[in-house]
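Let me give you the structure first, and then I'll get to my questions.
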Amino acid sequence: MNFIPILDYTSVLVFALSGALVASRQQLDLIGFAFVACLTAVGGGTIRDVLLNRDVVFWIDEPAYILLAVATSVIVFFTAHRLESRMKAIIWADAIALGVAVAAGSGVALKLGHSPIIVVLMGVATGSFGGLMRDVVCNEVPLILKQGELYASAAFAGSLALVMGDTLGVAPIYGYAACCILTLALRAGSIVFGWTLPSYKSRPPRS
Amino acid sequence: MNFIPILDYTSVLVFALSGALVASRQQLDLIGFAFVACLTAVGGGTIRDVLLNRDVVFWIDEPAYILLAVATSVIVFFTAHRLESRMKAIIWADAIALGVAVAAGSGVALKLGHSPIIVVLMGVATGSFGGLMRDVVCNEVPLILKQGELYASAAFAGSLALVMGDTLGVAPIYGYAACCILTLALRAGSIVFGWTLPSYKSRPPRS
Amino acid sequence: MNFIPILDYTSVLVFALSGALVASRQQLDLIGFAFVACLTAVGGGTIRDVLLNRDVVFWIDEPAYILLAVATSVIVFFTAHRLESRMKAIIWADAIALGVAVAAGSGVALKLGHSPIIVVLMGVATGSFGGLMRDVVCNEVPLILKQGELYASAAFAGSLALVMGDTLGVAPIYGYAACCILTLALRAGSIVFGWTLPSYKSRPPRS
């Protein structure tokens, strides 16, 4: 069974959600919502497909991806005011989408027979570039740059889990599940409990 | 007759104009003007060609596009001080280029036989990404994010007109013309008369 | 002899250095350092390979590039605090990487038989886009936009030297050397002595 389309659809849905919510902070109109939602939803996977030189970018021959992102943005446009905290919703939607997209990105690179380094890199890139484009275009501070939070690190760990599962001969479904869950768990632990890796701290030069 | 090159040349010229004018706000030197002008001029069409996996990006085998953008930037470098309002000139050059580039983007996708959704999306992307890159690189607030203005919406409507014209069997020249004129008219109406779609407004959460 | 890989490895190393140093200003964690270092290190060459439609992006089948960038970021993570001025180190690493990457970009386009205009453009793009992405993602003012400094101009001159050397039938090694040295010399002269081209200055409209 091919899990990649399931992962791609899920990440498109949840990234579109985060994109539309960011659009609501910019008070855009409905088409603006759809634009930011699509950019966020397919951005990471598009980078992956262009870098890996796949014949067709994943959403070009499957307009259903775009329809899904647009439908999500319409729903958000009419319901986002019911949320108590949009920022919280953005962070959590982004965290879930990150987990799923990392699995989708790593999975595609793995199937194409790339080396573990490229597989991990594609996982991190697919997971983070959609949100990165969303934040750069909308003038928000990219979530990936938030100090003292796991983000690229969570994606890295999740992707590594998938590669290790594959090396050990584990059935793909467990590998994908481990990747999604580990990425999300690390990200969630960072959001809720403040889990963090030591970040760079400059010290005064030695005298 | 193939209208795409005509549209591509026109949008390169007018986007280069807008790019060079933004460069003048940053007080760059002549090569800086040319750099921003080229980025703006070919940015949207390049994204289109990479996404649609065309054999060659449109300006690679036709250096005339780049020469046109560079020549435009040189002229702007020596004449921009004569303008009374550069910001006004930027907005209008961008609006005209948007109309033309939306037609060029939709047209290419249509000729390659893509579905209406992809055609519309390519129109919006080709029209907006050149200006978006210009604004992101130059630290300007992207025009596409300006609240209470039609931008992505104008591109969307224009592209839709082209798709509908094609479906109805209208001669291509009328479809392209309708697309350019409708996009520009909506954008112009938004700039001059404040035309707008309802934008998202957050309301207090229900008690 | 093929100098392109040597140039690519050198520019990856030095751009990774500049990227990791920018990451240190953002106080990211180790994986964040590696992310920004990789983005900066392979960004420009990736744009070049995608635009020229090369079969494989240069680092996809050669994970050594990524390993080099990651190793560099690890070293910077543990040693950057010893630097007296990080900003100075960033500017100089960026200047050296610019010189090398301009040669790598122009060289690839030249070998593929492109016209002089495209060769020069690929040189400038390969040299500047890695640093541009680094600065946009990290919310720094792009070095390429710094007023009164040679940057795109230095890249342009270096790339032009390589094209002219090729036209005159000079042995490639001298062309590459001239390109690296001229780009770096102009950039260095601009940093140290304030060399500059006349930049655009708006004057009051004539009465």
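Just so it is clear, A, B and C label the chains in written order, and each chain counts residues from 1 on its own.
We take it that a contact is a pair of C-beta atoms (placed from the backbone, for glycine too) under 8 Å apart; a residue touches a chain by one contact, two chains touch by 3 or more.
Chain labels with UniProt names: A, B, C = Putative membrane protein YeiH.
Note that the coordinates shown come from a computational prediction; the quantities given were computed from them, not determined experimentally.
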Equivalent-chain rotation between chain C and chain A, CA atoms, steps of 5 degrees: 120
Same or different residue numbers at the chain B/chain C copy interface, by half rule: different
Gap in Å, rounded to a whole number, between the CA centres of chain C and chain B: 28
For chain C, residues contacting two or more additional chains: 50, 136
Chain C residues touching chain A - in the complex, by the definition given at the top: 23-24, 26-35, 38, 46, 50, 55-57, 60, 63, 66-67, 77, 80-84, 86, 136-139
Residues on chain C engaged by chain B in the complex (per definition of touch): 50-53, 114-115, 117-118, 121, 124, 128, 132, 136, 141-142, 144-145, 147, 150-153, 156, 196-203, 205-206
